[in-house]
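There are structures below to look over.
Next come two complexes, and both contain chain A; in the first it sits with chain B, in the second with chain C.
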Partner chain A sequence: MRVALLGMGSVGRGVLQMIGEKDLGITVTAVADSRSALIDRDGISIEEVLAAKARNGFCGDKAISAMDVVTGSAYDVLVEVTPTNATTGEPALTHMLCALERGRHVVTSNKGPISREFSRLREIAVEKGIQLRYEATVGGAIPIMHTLEQGLAGNRVLAIFGVLNGTCNFILTRMAAEGLTYEQALLEAREMGYAEADPTYDVKGIDPAIKLVILANTFCSHSVSLEDVDITGIDRLTNDALRLAEEQQCTIRLIAEAIPDRGILRVAPRLLPLSHPLVVEGTLNAITIETDMAGEITLIGKGAGSVETASAIIGDLLYIRDTHAGRHSKTA
Partner chain B sequence: MKLEIKDAPGQLVAALKPISEVGGNIIAVIHQRDEKQRGGFLSVQIVLELPENRLKDLTRLIREQGVNIQRIGHERLLYQKAVMVIGHLIHTDLGDTVDRIDRTGFAEVTELNISMPAISQVSSARLLIKSVNKEDMEQAMAILRRVAKEKEFLLVEPLEEVE
Partner chain C sequence: MRVALLGMGSVGRGVLQMIGEKDLGITVTAVADSRSALIDRDGISIEEVLAAKARNGFCGDKAISAMDVVTGSAYDVLVEVTPTNATTGEPALTHMLCALERGRHVVTSNKGPISREFSRLREIAVEKGIQLRYEATVGGAIPIMHTLEQGLAGNRVLAIFGVLNGTCNFILTRMAAEGLTYEQALLEAREMGYAEADPTYDVKGIDPAIKLVILANTFCSHSVSLEDVDITGIDRLTNDALRLAEEQQCTIRLIAEAIPDRGILRVAPRLLPLSHPLVVEGTLNAITIETDMAGEITLIGKGAGSVETASAIIGDLLYIRDTHAGRHSKTA
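Let's look at the complex of A and B:
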């Protein structure tokens, strides 16, 4: 199976590394970053392109662009791992639309296009009989999509509760454990590299709300958008509140909640008993799903990281390989 | 709660044991020997207080003892909910905030723990709200949400499973 990869940041390099190290039957025929691209229909050398990127800061030929890869190179699956733009979804949205129109599968970790233009993207994929997969957009390494789609096939989703933002969870964990103020804990998260220079998306609850939209669109209804989510962040929480909670063997976590039958779509700090399965520590993510047949299932795991996110992307790639075996692989 | 149990030695004890296991409190046990029961069954009514969210566990444990539950009367259960409120609680008349719940007559704030740092800073409080049943609790929460919006508080509600 031939793969073209857009984006050579943390996630893109993780994917390349793992494809290089493991014998997965995947050939990388093109890669691109923001300034250059490399195309070789016989397969590029992963070691060399990673070394070139590390050495030069760009991966290939500056005369070739990511769009050239999308429209002009030979591949079965486009792996889109460029930065998330939550407002327009670009440039990833255009990349994905072009690839889908060409009848190519798309695998992505990019929340922008999936939360903004899900029904449009999905329609094209359905029409062309190809796969659009985005396991890595929610919960990092946690296989939430596979669990719900394959493992729990035939179940009706009654509720989804999730700790979907590692930065917020880290801040709340530190406030509770050390009695830090919100500002101190945020500063620490920054120093540890867990928070962006502009942490607004995380601490105001927008990032987990975007992930909730993706889950709701996939498993509950197909027409939800960010505006439908009732969002409260963690930036007004006090360490006093965490201490008062702890006195009752409880703590506070930022919980994303979807209950389709009651029309609930909410991200808000919530009180939970310390023994609750969603009370995870540090940057971990956790998701509880409640379905009609299986009852409650909770998945806990790393919500971000280079190789962890690559795990989700490779899971999607191999799913496509196994369900669409040889569909495009013989075309030159 | 009204339990139907087998008229055999040890059955009542078997039915009562799980109540303490889930932290419940037995208020009264009422035998109804005179009621005609089919097949030698004896009907016992147990009135009890239960911690929040433990009803599912309790009914499971009781059933595991081979005891048949006839009916569960929710109205006898005491509902309570702890919530956290953060904001300028004092400046916005804490008495009024509490009173808005109390004066409903169907729910009340039974505990208030407040922490006040410097005068200009926000304070944080834990409120314990009690009501007779679930519907009343939901109404009380709706009132609290309105008050929180009006007085610009951050209201932190407990996470509850769907039933």
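Let's look at the complex of A and C:
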């Protein structure tokens, strides 16, 4: 299976590294960063590309662009992990649309295009009979898409509850554990590299709301967008609130919830008993799915990280490899 | 896809009911219980079979046997959910061997044959190019096999830790919560229908050890058997031990663990911090998988139940349907 990879940030490098280290039957025939690209239909040298990127910041030839890779190179699957403009979803959206129109599978960690243009992207994929996969957009290393899609196949999803933002969860964990104020905990999150210089996107609950939209569109069979989500962030939480929660053997977590039958699509701080499965610590993510047959299933795992995100992308790549090559699975 | 179902206990009836209620593209062409069977290559009436079974205890014709179904009826997948002799794995083992030899896929919830004769069964399945699936043997409704096999594809499994027995977990939960003795908690588990008249199989840790063998054989790439597991049950635990644990913000859970690189294959009561993801309540099951890329992933869900087990079996059936018919998945 031939893969073209766009984006040489930490996720892209993680994917390349794992493809290089593991025997997965995957050949990388093209890579691109924002300023250069490398195309070799016989397979590029992953080691050399990673070394070049580390040495001078370019992965290839400055005369070749990411769009040249998308439209002109030979690949079966496009892996789209470029940095994306959150408002427009570009340039990832255009890359993905072009690849799909060419009849190529797409695997991405880019939330923007998937949350904003899901119907359009899915329509093309269905029409062309190819796959659009985006496990890495939600829950980091947690294979929530595969678990719902294959593991819980045949189930109806009644509700989704999730701790989908590691930054917020870290802040809430530290406020509860150490009695820190929101501002103190945010500062600590910044120092640890868990919060960005402008933390708005996380602490206002926008990032988990986008992930909720992706889950709802995929598993709750009606089309929703970010504007449909009722969002409250964690930036006005006091440690008095957390202290009161603790007195009742509870704590507060930022919960994203979708309950389609009740029209609920919401991100808000919620009081949970300490023994609740969604009460995870630090930057962990957790998702509970309520289904008609399996009941409640909870998944917990790392919400971010280069190799962790690569795990999700590689899971998607191998699923395409196995379902489109007709090969059999490990338990067969 | 045509399915023949053997076993009309609570799991078998749950599977039939769900196939009847949901539009899954599955036709049931034969059913059998221990004393009768019904074969109709155009599809049996699920409603009538369930009614007949409820009315007189037979699902069909006493002149036809389960083996007649296995060897003589028309089906693509055999669902084997008969009651099994724990020592011999029969009659399920013979049913499964015959179906596999006929080149038919097999889906089962029967731990006996899978834990005892895994290599032999897998060998035939691989040779015939068909699938042997057994999601329902471990963790009830938790889709652990699919999550590992598809969701975490490409990952190496470094360790498996699991709360795999709901009876033991219920007893430990009640001992900790109410200060009950082991005997009192066992009595309560019996009254609630969570423990059998002879609870040996559960409380001595044999049941979780069998499940551990199944997980290790499937995901840790070396062949092990029940004799290789170092087993300690919960039947000698005192509530003093639980009280001491509580004083350290900990509790005790019966943990099944496989760490292949260290040669560890063990079931034993373990001290865990109360905030640990494997500290689940009541009859819940939980499994943590440690992998090279995704890190630690934990799954929590119901460990038993008719419809919950049916969910696992239907997940396997739909996986066979989708991978063998070349259809595309929901996210495509």
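The rule is short, and it goes like this: the second predicted complex is superposed on the first by the 323 of 332 C-alpha atoms of A that agree within 3 Å, B and C clash if a C-alpha of one lies under 4 Å from a C-alpha of the other, contacts with A are read in each partner's own complex, and residues count from 1 in each chain.
To be clear about the criterion, a residue touches a chain if its C-beta (ideal position, glycine included) is under 8 Å from a C-beta of that chain, and two chains touch if they have at least 3 such contacts.
In this text the structure is predicted, and so the values were computed from the model without any measurement.
**Q** Regarding the shared-chain residue A:102, is it in contact with chain B (first), chain C (second), both, or neither?
**A** In the superposed model, A:102 contacts neither chain B nor chain C.
**Q** Mind working out whether A:131 is in touch with chain B, chain C, both or neither, as first, second, both or neither?
**A** The second partner, chain C, only.
**Q** After superposition on the shared chain, which partner residues are touched by A:204: those of chain B (first), chain C (second), both, or neither?
**A** In the superposition, A:204 contacts neither chain B nor chain C.
**Q** Which partner, chain B or chain C, touches the larger number of chain A residues?
**A** On the superposition, C touches more of the residues of chain A.
**Q** Looking at A:240 after the superposition, I want to know if it touches chain B, chain C, both of them or none. Which is it: first, second, both, neither?
**A** First partner only.
**Q** Looking at the overlay, what does A:143 touch: chain B (first), chain C (second), both, or neither?
**A** The second partner, chain C, only.
**Q** Which partner does A:259 contact after superposing on A: first (chain B), second (chain C), both, neither?
**A** In the superposition, A:259 touches chain B alone.
**Q** Check whether A:297 is in contact with chain B, with chain C, with both or with neither, and answer first, second, both or neither.
**A** A:297 contacts chain C only, not chain B.
**Q** Identify the partner contact of A:269: answer first if only chain B is touched, second if only chain C is, both if each is, neither if none is.
**A** first
**Q** What residues on chain A does chain C touch that chain B touches too?
**A** 296
**Q** Going by the contact rule set out above, which residues of chain C touch chain A in the complex?
**A** 18, 22, 24, 122, 125-126, 129-135, 141-143, 145-147, 149-155, 218-219, 274-275, 277, 279-281, 291, 293-302, 305, 307-308, 310-312, 314-315, 317-319, 322-323, 326, 328-332
**Q** Which bits of chain A are touching chain B when the two form their complex?
**A** Touching chain B: residues 158-159, 161, 232, 236-238, 240-241, 243-245, 247-248, 250, 252, 255, 257, 259, 262, 268-272, 276, 278, 290, 296 of chain A.
**Q** Residue numbers of chain B touching chain A in their complex, please.
**A** Those in contact with chain A are residues 82-84, 86-87, 113, 115, 117, 122-126, 154, 156-159, 161-162.
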